[in-house]
Every structure is written in structure tokens, then in C-alpha cells.
Amino acid sequence: MFIWTLGVALAFNEMLGPDGQVRAPYAGVAKWLESVNVEQLDRRRAEAELFYRRGGITFAVYGDAQGEERIIPFDIIPRVLAGSEWKLLAKGLEQRVKTLNLYLADIYSKQESLKAGIVPEELVWQNPAFRPEMTGVTVPKDIYVHIAGVDVVRIDANDFYVLEDNARTPSGVSYMLGGREICYRLMADLYGAHKVAPIEHYPDDLIATLSSVAPQSAGESPNVVILTPGQFNSAYYEHSFLADKMGIELVEGRDLFIRDDQVYMRTTEGAKRVDVIYRRIDDDFLDPLVFRPDSMLGVPGLFNAYAKGNVALANAIGTGAADDKAIYAHMPDLVKFFLGEEPILKNVPTWCCRKADDLAYVLEHLAELVVKEVHGSGGYGMLVGPQADKAQIAKFRELLKANPANYIAQPTLSLSSCPSFVEQGVAPRHVDLRPFVLTGGNGVKIVPGGLTRVALREGSLVVNSSQGGGTKDTWVIDL
Amino acid sequence: MLSRTADNLFWLSRYVERADYLARIIEATNRLAMLLAAGDGSSEWTSALVTAGCYDAFVAAHGAPTAETAMEYLALSEDNPSSIRRCLETARFNARAVRTALTVEMWETINGAWLELPKMDRSSFAGGRMSRFTDWVKDIALRIDGSGHRTMLRNDAYWFTRLGFYVERADNTARILDVKYHILLPEVSSVGGGLDYSQWAAILRSVNALTAYRWVYREGLRPWLIADLLILNQELPRSLASCYANIVTHLDSLSNAYGRQGKSQRFARTVQTALQNATIERVFQTGLHEFLTRFISDNARVGGAITEQYLA
Amino acid sequence: MRIKVEHRTTYLYDEPPTSIVQILRLTPRNHEGLQVRNWRIVLDHDAHLAPGEDAFGNTIHTLTLNRALDDLTVSVEGEVETLDTGGVLTGAAERFPPGLYLRDTPLTHADDAIKTFAKGVAGKREVLDSLHALMGALHDGMAVDEDAPATDAARAFAAKTVGGRDLTHVFIAAARSLAIPARFVSGYMLREDQVQQKSGHAWAEAHVPGLGWVGFDAANALSPTEAHIRVAMGLDYLGAAPVRGSRNGGAAEHLQVSLTVGQARRQQQN
């Protein structure tokens, strides 16, 4: 999710650069753009849309009429990153995700980062995403976040900022892979002219990562499944897509049951043991005997089986304690504390409104800042100061005063733009990037690039798919 | 495979088969009702609604059937849980739940049909365009059936899909015979006017067997031969005997693959043996209606056994 | 004081479920005010009953059954020796610092009405006084009716007539709104006049600087005495619930509970 205030004209343009010269990674794209006309682009855009529609590559929008399925607009002009840019970014991502895992292992066991005062205690104890039940539970190889989606923006040629660490059940990887498939089919001329680093092996990396944390008792070929809330979930397409690509079962809670603290799935041949669950269900719904008692999506008894080490969950339970916006502010300190390294990726300066000084500053500068809920997501429940009217600002002033700990504030940054095909033709639009970082027993794996999200509407601030954003293929090329 | 996946595949086929059957019923009834221009054809539509198992619900909502109201109810109604529209919607729902178990071709066919569905309304079959609508439905069924046949691996997923088709098909054929059994009885056939002839032809048309009849019997329509064809003829794909030959084969494939037999295999074999040993004379002697009633309940029992053994 | 507990719960099923999983928090642990003499859980059918401990230090048993049954009876039989500690809890298993017990939960969420009430009652009092004042005000202002439907703190506070469980939730919500850590305790209570009882007992514990965890039984307007048998503790009822269960298949379930809490005979004490 992102915000800008300077307008697209003043933002860092990834194709043209500050001097108006085509930057090296975009040489091919720029040349190609000169050779195609709007009709050709429009035809390809329509073909891409048809590809999504026919394939049922859709998402459901919460709050819409039941059953409505939308496609995410796909912008056919790829975003290009140079190999050298990517290398630095990847190093920063690995550092960031390592820290997330170390931090989670710490707060659920020795709590040294709390004792050392790096993170204020109440940010853990009173964090709704912290799960006391996980304290003392040993997770395989001390890995909590097997799949992370770290949202990154760039503001100039050299600086990448982390916007959000998504350590719960980040989605979007199917759109990353789907976008590449479309480029391969519809953009063969341009694609063929570049040496694009491949991403097709993501499902192989994912299954290897998941298998690497299986319990010892699982033996040579662990049974890995994806647990989905079902086909009304907004990311259901992705769940089925990944199951298909990995060749594993897509299960719902009712397909699983527990016997003697062991997880089984119901099959046409009887009960079959389950060793690793890639769950795409929130913590709250996993086990009605431990979390929300009214959950119909989970598996009664799952937590016990997990705590006893008879099944692995990816991601672990309680990872949300590491990715909320209040912890975010402490991430640079945590990198130094756990790794003894300087953070490679930058953090957007963040005011934690639970601190009196910060709150006072934020209340003074509401019109310049972006205010977000600590646990909000998807671009909802936020104030974009420079775009808000007086009534909205007044409303947030009251909200902040009533419950300051629920909010953080950040300055508005000018995020970079890429050429995009929109109704008016080809124009720069703001983008962010969500690379997917896998952590398993064999280390960290990141396929080059990630999901680029683009704010297709002119003047739009938010790139979330649920709020009118689109996606682009992301190419990492060696120059 | 997951029991739920098998369950979804089984019902996906059943709903597709049912949509196809409804399209044929509508077509045959429409033709018959037009022949009976003297009357209003309402008794034909009554009989169509009874065959589809939704007469009572229809009357409660719409009163006495007319061609228009009955057709709309059978084809497009949102309120009728077994209208063609709802069948295709449910089929797509089942397909989406198990899309990884389907081939791309099957998924695209069923999803494509579902995308077309919102465009269908009363105007889709107003005037003389009914057959265009029913052709569309039949074409979808054909493509799903065909793409499954051409693209699916021959494993349990395929067998459960096939079982769904045949269990539903056997039920449909038995039901249409049962609703029309009175016009197949010997005392009626001795009257045998042109009207009866059209009725007989309509039955055959609704199971896509008019041409087949001529090839098999090489004589004019005789009610007991029609019953013989639809119940006992092994060669006719929609006959009860043929459905059961297929059900038994696919259940055997499952038991071979899983190395275990159960209730469903035993029940299905019993039904098949009974069909193999029957003659049409004996069927009429014991009563066509009684025979069909028992078959429908036996067939439901086989469906129940499949569910219990594999799908629950 | 030596107290004997017999607590039998029978589940009757209209249609047998195909499987049952329950997490039982029915076994007390020792602390200074309570020593377990003997205690056991008895089932009337063969089932898997795995002992364990939850993150809060409660003893739990996980019951799993994977075959159809028409009925199931879970019985608890035991004897404990209790001491009056003036309501102060010492020597209990503590897994988290008091700060954790300021967490908000859906059942203990303080709405504006509870916050205003708590602030009004506490005034400028010290923590311990505030808590006693809260307990008194709730005891006087709310009617306890064990047949009142289970709900959450905010609704219970508005309803004014509540079960002991939700009275405890209101107390916890009010205490936490004053930044006093508080938690839910489930257990039993010896009542001189009532050996046969309908259900177990619930009260709250709040953390007082200098003293530690102190019990507050708002239903009886007193701090726990030697009549209280502390069994399990959590952030709210769900964390301390004697039974959390789930079943697969089957139809409606009917419950029959028989509970006797009585003083054990004197000669057994020797």
C-alpha cells in the first residue's frame, strides 16, 4: 500500500530517471513502446483479461454481493529491475526476514529482546497477534515465518524502503506467476529480447521449503497440504493454483481430523496422515478448542498436535506479533540486536502514537502525515493527511485521542513510477513491490522480482488489489 | 484422493447430466405441446414438471403451468433448485472447489458456461429460440463429458466423475419412463392413435434415442419395445442396463485401485444382475410402474453406498 | 479444610457423533492455599485421555474418541486440603508477567459504560482498595442468576442480571480498564448449605503491587477463602473453561451435570 503527495510527475520515474534519459534497464522497453500503437496494446490488454477470466483467476471482494468474482487488472508493460539492484534488495530482504524469525523465536521463548529493552514489553504482551499459547512451543528449526511478503517501495535510484512486513499469510504469488505466463504468451516480442531471470520454479522452492520443516516421523516424503478457508475466500484461486502447481491436496478444515494428537485427512482410501500444513487460515480460526470457539474453518485439536511437534504449520501460529505497524518501528533496532548488522533496507520514519511525544507531534501535523491503524491492512482505516478534508482530519484527531496506541503515523513519501498502459495511453503510474521470501531448513530462497502492484487510476494513492490497484510482471535482467 | 474432492467430482457430473436431461425434457415437451395445438399443452408441461421432480413446488409458486411459466421455471428459475441455471451454477461451484482435480479443458468449459449464464433470460428462448437455448445446454454437457473423456487421467478422479454421470442418467431415464408409463401400457397402445405415437416419440427424443430405436428394431414405435430399449438394451447409452454396466465397471476400477471392495460394489452388481436377467414381458407382467419405482430406490441406494464408502 | 469433589457430566446424543475432541481443565494444581490429596478423571468409555499443560500452566487433558457413542460420561473425583490465605495467591505456577493480563479479549472487552463505572468506583483509591470497591459495587449493583445466558462483559453489564461467569468477566474488564492486570479463575466452592450444586464456580484474580495476585469473588463479595478450590486460570472463561469440546457429525447434544462439593469426613483428615 502506498501514498504520494508530489504527484506522479515529480516522483522517481523508473524508466526515464531524473534527467529524462532512459535508464539502462528500460532500454528495451522504451524502444518497444515506440514501436507499438495504442490499438496493439489494447488488444493485448484485452487478451490478458480474457486469459484471467477464462482461467477463473479471480478474487472476491469483501462486502460485495455474494459470489461476485473480479479479476485484478493486469498492466501488460513490465517493470524492469537491473540485476545489481535486485541483488542488493534480495540481501536486504533476507536480513529482514531472518530478523523476523529470530524475533519471534525470542518472544516465544527467552524474551531477551524485551529484557534488553529493544521492544517495549506492552507491544508484546498486549499485542492481539501475540499468542500466549505459543510460549514454550518449539517449532521445527526455529522457523516461524516460512513465507513472507515484504512490501517494498523505492523513492530514487538507490533507496528502497520497507513499508510492511507481511508475516501472516501473505498472498499474491499466483498473480506474480500468472503475470509471467501472460508475458510469455502475449509479449513474446519484448520478452524474447530480454534475458529475464526465471521465477517459474517458485512452487518447487515452496514445496521444498515446506517439506524441510516436516516432523522427523514423517519420513522421506512428507505429506504437505494447503489448508484453505474455502472457495468464498478472496484468495481461493491462489490456494488452488498453488496446490495444483505443487501437486498437493487443497484441504478444508472439515477434510482433516485429529487422532492421538496426529493430523489425518479423509480420503477415498481412508485416513491419511498429514505432516505439513501450509495454512491460509488466520490464527483465530485454526482450532476452535484453543482460539475462536465459533470457528467452523479449523480443526479441533490441531493446536495440541502442533504443540507436540506432530505436524508443522506454515506460517507458525502467532507470527502476526512481528509484522504489525508498531513493531515495524523497532525493526532496524532488532536487525542490529539479533544480527549485529546495519539494516540494508530502510524503514519509513514512524511515529508511535502510544508515546506521548509522538502523539503530540502527530496531532500537530495531521495534514501532512499518513495515519494507519496498528493492525489495519488493505488500505482501510487510514488517514491520508494531504488528501483529507477538514472533517476527516477532525475525525481522526478524535480517534487518535481516544485510542492513541491503536495508531502510527508516517510521512508521505513519493514512490517511484513505471510506464503503464491506462485509458489515456501509456503514462507513468506509482508502483510498489512485494517479493516473496521463503525460509526453510535449507536457508532463504527468493525468486527474482516479486509482485509489482500499480495504482492504475490517475491520482490514486493505494495499490491494493481490493481498492482498484493492478499488477505488473516484474523483470530482473542482467545488463 | 480427498473424500471431499471425490464428492465434488461426483456431484459436478450429476448436475451437468441433470442440466442436459432437463434441456431434453423441455425440448421434447415443447414439440409435443405444439403438436397438440388444439389443447393448450398444459398437461404436457405438468408431466414435464413431474418428471423433473418439481411439480408441487411449481404449483405452489405459479399455479397451473403454462408453456411459458413452466419453461422458465425449468430452465432459468433461481427459485427452483434443480433448474438448468441452478444445476450449472452448482456444477461450477463443485468444479471450483476441486479445480485442481479437473483438467484445464474441463474447467474452462464449465467456467465458460457459468460466465454465459447471466446473459440468459426469458428472451433467450422467446419466440422460436427455445432450441437454441437447449442446444447450448446440450453442447455444454457434451463438451464437459467429452473433454473429461479426452483429457482426464484414468484414475479415481475420472471414475468418480463417470459414476456421477451414470447414477444420474439412470435416475433420469427411469423417471421419465415412470411419468409416462401409462401411455406405454398395453391397453393404451391397442388404441394407438397418432397422439400416442407422438407421445412415444417424445419419450425417445428426451433420451436422445429416436434414431437409435429405428436402428435397433427396424419397425414402427411399439410401447413395449420403447420400454425394452430404455430399460434393458445394453447398446443404448441411456438405458438402465447400459448405465449399470458402466457403474459396475467404474466401481470395479475403484476397488481394484484401492484394493478393497464394499457395499457400493455389491449393491451395484445386484442391480446389474437383475437388469441382465429381466425380460420386458416379465417387467410388464409384474407392473412397469412397480419395476421402475423399485429401480429408482435401488439406484438411490447405490448412490448412498458410494457416498458412505468413498465420499463422506 | 479437607474438601471432596464429585463432578459428573453426561453427554447424551440424539444421533451419535462420529468423533469427539475435548480439552479438559478439570485438575487443580498445588499452591500454598491448596494441596491435592487425590484427584482423577474417569470416563465410562475407552478413550484417549492425554495429560498435558497449557501455556498458562493449567493441567489439561485432551480427550479424543473416534467412534460413534450414544452417550459419554466424564467424571471428576478428588479431595483437596485447603488453607485460608486471605485471598492472596502464592506458590502457583506463573508463566507470564502480570502485564500479559492486561490483554483485551472479546469476552472481557470494556465498553464505555464499564470504563465509566470503573473510573467512578475507583476514584483516587489505591489499587487494592479500588478492587475491593469494584467487587462491592458489582455485588450490590448486579443480580446473579446462574440461569442467565452466557454472554460477554459489556452485554452482561448492561443486562444487570448475570451468571457468575459473566459477573467475573465484568470485574476483569473493569479492572483492566484501570490498568490493573486481571484474570479468570474456574474452580469449585464449598457451600455449607448446598452440597449438591448445579455448576462449578468462577472468580477473578487481580494483580496488586506488593501483594501479587489476589482473588475477588464478586458473586459472594469476598476474597477466596479455604472454601474455594482453584482449578484453572486464563484471560477469560475460554482460557480457563473446564471443558472445551467439539464433535463431528451427530445431531443435538443434551447435558446432565451432577456436582457435589462437601467437607471430607474428619477421620479421613488424620
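Letters A, B and C mark the chains in the order given here, with residues in each chain numbered from 1 onward.
Just so we're on the same page, a residue touches a chain if its C-beta (ideal position, glycine included) is under 8 Å from a C-beta of that chain, and two chains touch if they have at least 3 such contacts.
Given the structure is predicted, the values throughout are model-derived calculations rather than measurements.
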Of all the chains shown, whose C-alpha centre falls nearest the centre of every protein C-alpha atom combined? A
So which has more C-beta pairs touching, A-C or A-B? A-C
Rounded Å distance, chain B centre to chain C centre (Cα mean): 59
Could you put a whole-Å number on the gap between the CA centroids of chain A and chain B? 48
Per the C-alpha centroid definition, the whole-Å distance linking chain A and chain C comes out as 41
By the touch definition above, chain A meets two or more other chains at residues none
Would you pull the chain C residues touching chain A in the complex into a rising list? 19, 21-23, 48, 50, 52, 54-56, 62, 64, 66, 95-97, 99-100, 102-104, 235, 238, 244-246, 248
Tell me, which parts of chain A touch chain C in their complex? 121-122, 125-126, 128, 132-137, 257-261, 288-290, 293, 300-301, 304
Which residues of chain A touch chain B once you look at their complex with the stated criterion? 53-56, 230-231, 236, 240, 243-244, 249-252, 254-255, 265-269
Spell out the part of chain B that touches chain A in their complex, as residue ranges. 1-6, 93, 96-97, 99-100, 107-108, 111-112, 115, 156, 160, 254, 258, 260, 310-312
